[in-house]
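Multiple structures are listed underneath, in structure tokens.
Both of the next two complexes hold chain A, though its partner changes from chain B to chain C.
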Partner chain A sequence: MAKLNSVSNFKKTFLVHAIILAALAVLPLFLNGYHQKLAVEAIILSVFAMSLDLVMGYAGIATFGHAAFFGIGGYAMGVMLKFLFPSIWLGLILAGFCTAILAFFIGFVSIRAKGIYFAILTLAFAEVVYRIIFHSYNTPLGGSDGLVGVPTPMLHLGLVDIDLRKTVNFYWVAVAFAYLSYLTCKLIVGSPFGSILSGIRENENRVPFLGFNVKWSKVTAFVLAGIFAGFSGAMFTAFKTYADTEQLNFLLSGKVIVMALIGGIGTLIGPMVGAVVITIFESIISTYFRAHHLIIGALFVIVVIFMPKGLFGLFARKDRNNNGS
Partner chain B sequence: MFFEVKELCRSFGALQAVNNVSFTLDEGTTLSIIGPNGAGKTTLFNVITGVFPPDKGEVMFKGTHVTGMPPDKLCHRGIARSFQITNIFQGLSVFENIRLACQGRKATKRMFSHVSKLKEPMEEAERILDLLGLLDLRDWRAGTLSHGDQRYLEIGMTLAAKPSLVLFDEPTAGMTPMETKATIELIHKLKGMVTIIIIEHDINMVFAVSDRILVMDQGNVLADGLPEEVKANEAVKAAYFGEEI
Partner chain C sequence: MIDYLIYVILPQVLHGLVWGTVIAFIALGLTIIFGLMDIVNFAHGEYYMVGAFMGYTVMSVIPNFWIAVPVAVACVAVLGLFTEFILFRRLYGRDPIFHLLLTFGLGMMFREAAQLIWGAETKRMEVPVTATVELLGTVYPVYRLLILGIGICVILFIWYLLRYTSAGAKIRAVAQDRTMAWALGIKVPLIYTSVFVGGVALAGFAGILMSPINFVYPTMGVDVILRAFIVVVIGGLGNVMGALFASLLIGEVEALASIWISPTIAETLVFVILIITMIVRPAGLFGKAGER
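Let's look at the complex of A and B:
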């Protein structure tokens, strides 16, 4: 009976995924050029928000410096494409490598601190990274001007080459990138390692008495989150054809927290939805109001007070109520 | 010797919480540690299980030094403990609490399998829930259980590590008489399978389960012996019970 249920659940999940992917695949056919670009940005940022969920939602570690990984991933891709080799794949590998090293360093040094102290340390490290890049005028990184003129190469996929200069092509690649990232993160949170992270979130002090090394588990989660943030930053640079210090800025670190919380942390999909909602919402209201951040701030406050589990949590609660429990 | 504590000391400022405590334990025996509040019983557990390093002294387990060893390493060596104040994962289900505890025993090579595919921890968790009588509550969120059931869960998480030495810190704290009785039965089931050190205030329970009793007072060992010897000890009566046991 349990096996039958699991087969039926698998079929249901497969169907839901297939429908969402099909809907996403045909979506750009109904969008104009500007909205296609907006959709690509939203999808790439959704991976960034999801990466934060690995540490914040699953391991319960608040971090205020997540943009450092997004930015470094972006610069790594920029350097690869502009100065080293015109390959998206190599750019992603370099981004993953650089962010893993940076996340390991920040995580290893800061992990002894807990709660808000850890969060402040990550903010401080991110600010150091930001300042170093900001003042690197005489380097290929371009200082506060950013790394501009990053070429967009063809994406080699076996026998097929995809021209990423066409927005619609980049859109489909971004959807595939986000979906694969989601599946990988889903695999991580559902794994034995993922359940250790849930244990750390729930009661960090109990976990060592069950035979787990809390410090290394937290550092590993931080590194994995950093790598996915780096991948999303790399894709962002490949799409925008530049990397600039705004990608490293603490404002972006704050914005990704807002995205994750509005979507609903601890769900992976919630922060992705949050990123898409905020990106689109920001684009719409910024046309009408100059102080659009004020409105997003108010929205954030409303969500935190009335929907502490975010938009996704609201749907989950409705579903639970419908089941009568 | 299976387990040995030698001249263990730990102070906090001017307070000597544990002072020159020594005892040995044979495999399969049950030792109860009793004493008034502030006697240093829980601090002794904390020093043995690596929460605080000792100022002086040694802890030997199966012939090797485990003094000051961190809790995760002690768990792999076969030493597990429960806590005086319920220390569970409130937001996880009852089953997840036990399964996570089973999972920690040894590192899995299947780090990327879904956790539900790990046959051994899944089966072991079912077995422990059955032993504790919590199988019907397996999908309940641990934080919603009654106090007594949370205490059982705490005991179950400690046993899930398949330890050879278990340290129970007041397992019946806050339990109803019926629940305490069930816990005594559970400890009787465990006797012989594992070596047990138990801190307990319920004297009926202490005499029901103990092979030996160690009495502490103000950080010192006041008496150590068979239950009848401790019962007859005048110093123990004066310092701890104040009346006939």
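Let's look at the complex of A and C:
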């Protein structure tokens, strides 16, 4: 059915994408320095939330330790820029490599456990990573002080060099990064592999009868999600010029789930919007209230109770009635 | 050699037992609540924290520990009643991941509220019983032994309650099949509420008992909840005996390991035990294979 009107759909999608990208591209011209910084953070975090959607929204497995990949990606970028070679590209590669290995290990071990056990196990793994880095005094990682003073290099893009120290430039790079990540993930979930993942979410027991390996599909999804989380963490560190243990904390793991839930999981774009909404909301709240976690916590509670399908879920409910669990 | 056993190992074994008992208090509530209503209560540690802070507050008005204990427990119970009534009730029957998230947000609120009310700095409470006792030549504080004694009594009481009273029979019936239990005239919501309140009150009790030994601070619940989770998962979610056994195991491992390695690494060791357990037995040491 999708094939029949794919041409007009493609045109429509192309138009929508072009408009959104154009809007995003001109946005920083209307923002002051502080808000530009906030926008960069929000966009980078949106990739983090989207990566979670690959495992949670599509494969339907809830992980509670996603911050481990974000943090490790950040540390990988920090180590690359500070100690090895000042190149964003190499930093991203190292981040992807490290998080892929870590995600493979965690996924491979944890996948034996189901449901809430899996969630708690990933939480435990993330906590081990957090603790190891937290207590890594006397190493270049800097323990609980974090890896500070990461230089921001030029971004070599073929013939042009982009100075990332200017927030606006970083903003545009972040938008491009987020858009490319989105397209890649869209490709993944639209591929046959993505269909297997959705199959696992809907009915895990039937998938093996179609000849697909549930375990390896899950691990692959977990690794892919980990890699994208690592990329976003790496970009975060490059932007912030530090990597610290806050990026590994289980609080962030919980926060990213809520970001994804608010936007609506299983939509890719939903979690991205959710991340932007939460980041902006948190920044506004924290300027007016000292105890902003009180309000964020309350927001989480409200989201979980009243809108488990998120903002996009509210709209999507009409035509996907029988899909809810 | 024998000196080493008495002066180094023995105190740590006792420390481990005390610590294990306190973890068991929290883990028992957690696992019974899960077994009964499928709620993974991430905010359980915050009730422990509130218990300690309420005790601290009462102590600053009436400096008597034995008055502070029941008052603090009662306050936590009331708080538990409120939260169950207003929030948890709405999520019964949903996927446990939603409970995890709900309680995650709730825990965040509690921590921040505690910080607003009592401040972020750590507080210290007077030890109510300062006497010490000589065991095989090593001197050990009576208060810790008291916690151990109270802990054993409470655990026996819970066991008796669940096993031999009609209320316990009802709780087990609801845990096994809530629809059937309801059809037989058991008031399921009432059982849910009372078990939840009992579970968090137990955590609050542990909080005030522990506050003269540990410090009192807003994030104290987080440190203990992660351990309690591990214990509950190692023992098999919803499995009371498993949780008890795993509490003592974790308490001892942590206490004994910190003789030779730094306490922070000993903490990490706990997570490693969990991971190994999950690899060997994905449903916990005492969980049935294929469960969940």
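A few comments on the model shown:
Keep this in mind: the second predicted complex is superposed on the first by the 310 of 325 C-alpha atoms of A that agree within 3 Å, B and C clash if a C-alpha of one lies under 4 Å from a C-alpha of the other, contacts with A are read in each partner's own complex, and residues count from 1 in each chain.
The rule we apply is simple: contacts are C-beta pairs under 8 Å (C-beta built on N, C-alpha and C of every residue); 3 or more make two chains touch, one makes a residue touch a chain.
Note that the coordinates shown come from a computational prediction; the quantities given were computed from them, not determined experimentally.
Once the two complexes are overlaid on the shared chain, A:R131 sits against chain C while remaining clear of chain B.
Between chain B and chain C, it is C that contacts the larger number of residues in chain A.
Of the two partner chains placed around the shared chain by superposition, neither chain B nor chain C is touched by A:V148. With both structures placed on the common chain, the touch criterion links A:N203 to chain B but leaves chain C unconnected. Contact with neither chain B nor chain C is seen for A:A18 once the two complexes are overlaid on the shared chain.
Across the two superposed structures, the residue set of chain A contacted by chain B and also by chain C is empty.
Per the touch definition, chain A reaches chain B in the complex via residues 187-188, 190-196, 198-199, 201-203, 205-206, 208-214.
Residues 49, 70-72, 75-76, 80-81, 83, 87-92, 96, 99-101, 103-106, 108, 110-115, 118, 157, 160-161 of chain B are the ones that touch chain A when the two sit in their complex. Within the complex formed with chain A, the residues of chain C that make contact are 40, 87, 90-91, 94-98, 100-102, 104-113, 115-116, 226, 229-230, 233, 237, 264-265, 267-268, 271-272, 274-275, 278-279, 282-283, 292. Those residues of chain A lying in contact with chain C across their complex are 62, 64, 109-110, 112-117, 119-121, 123-125, 127-128, 131-132, 135, 251, 254, 257-258, 261, 290-294, 296-301, 303-305, 308, 325.
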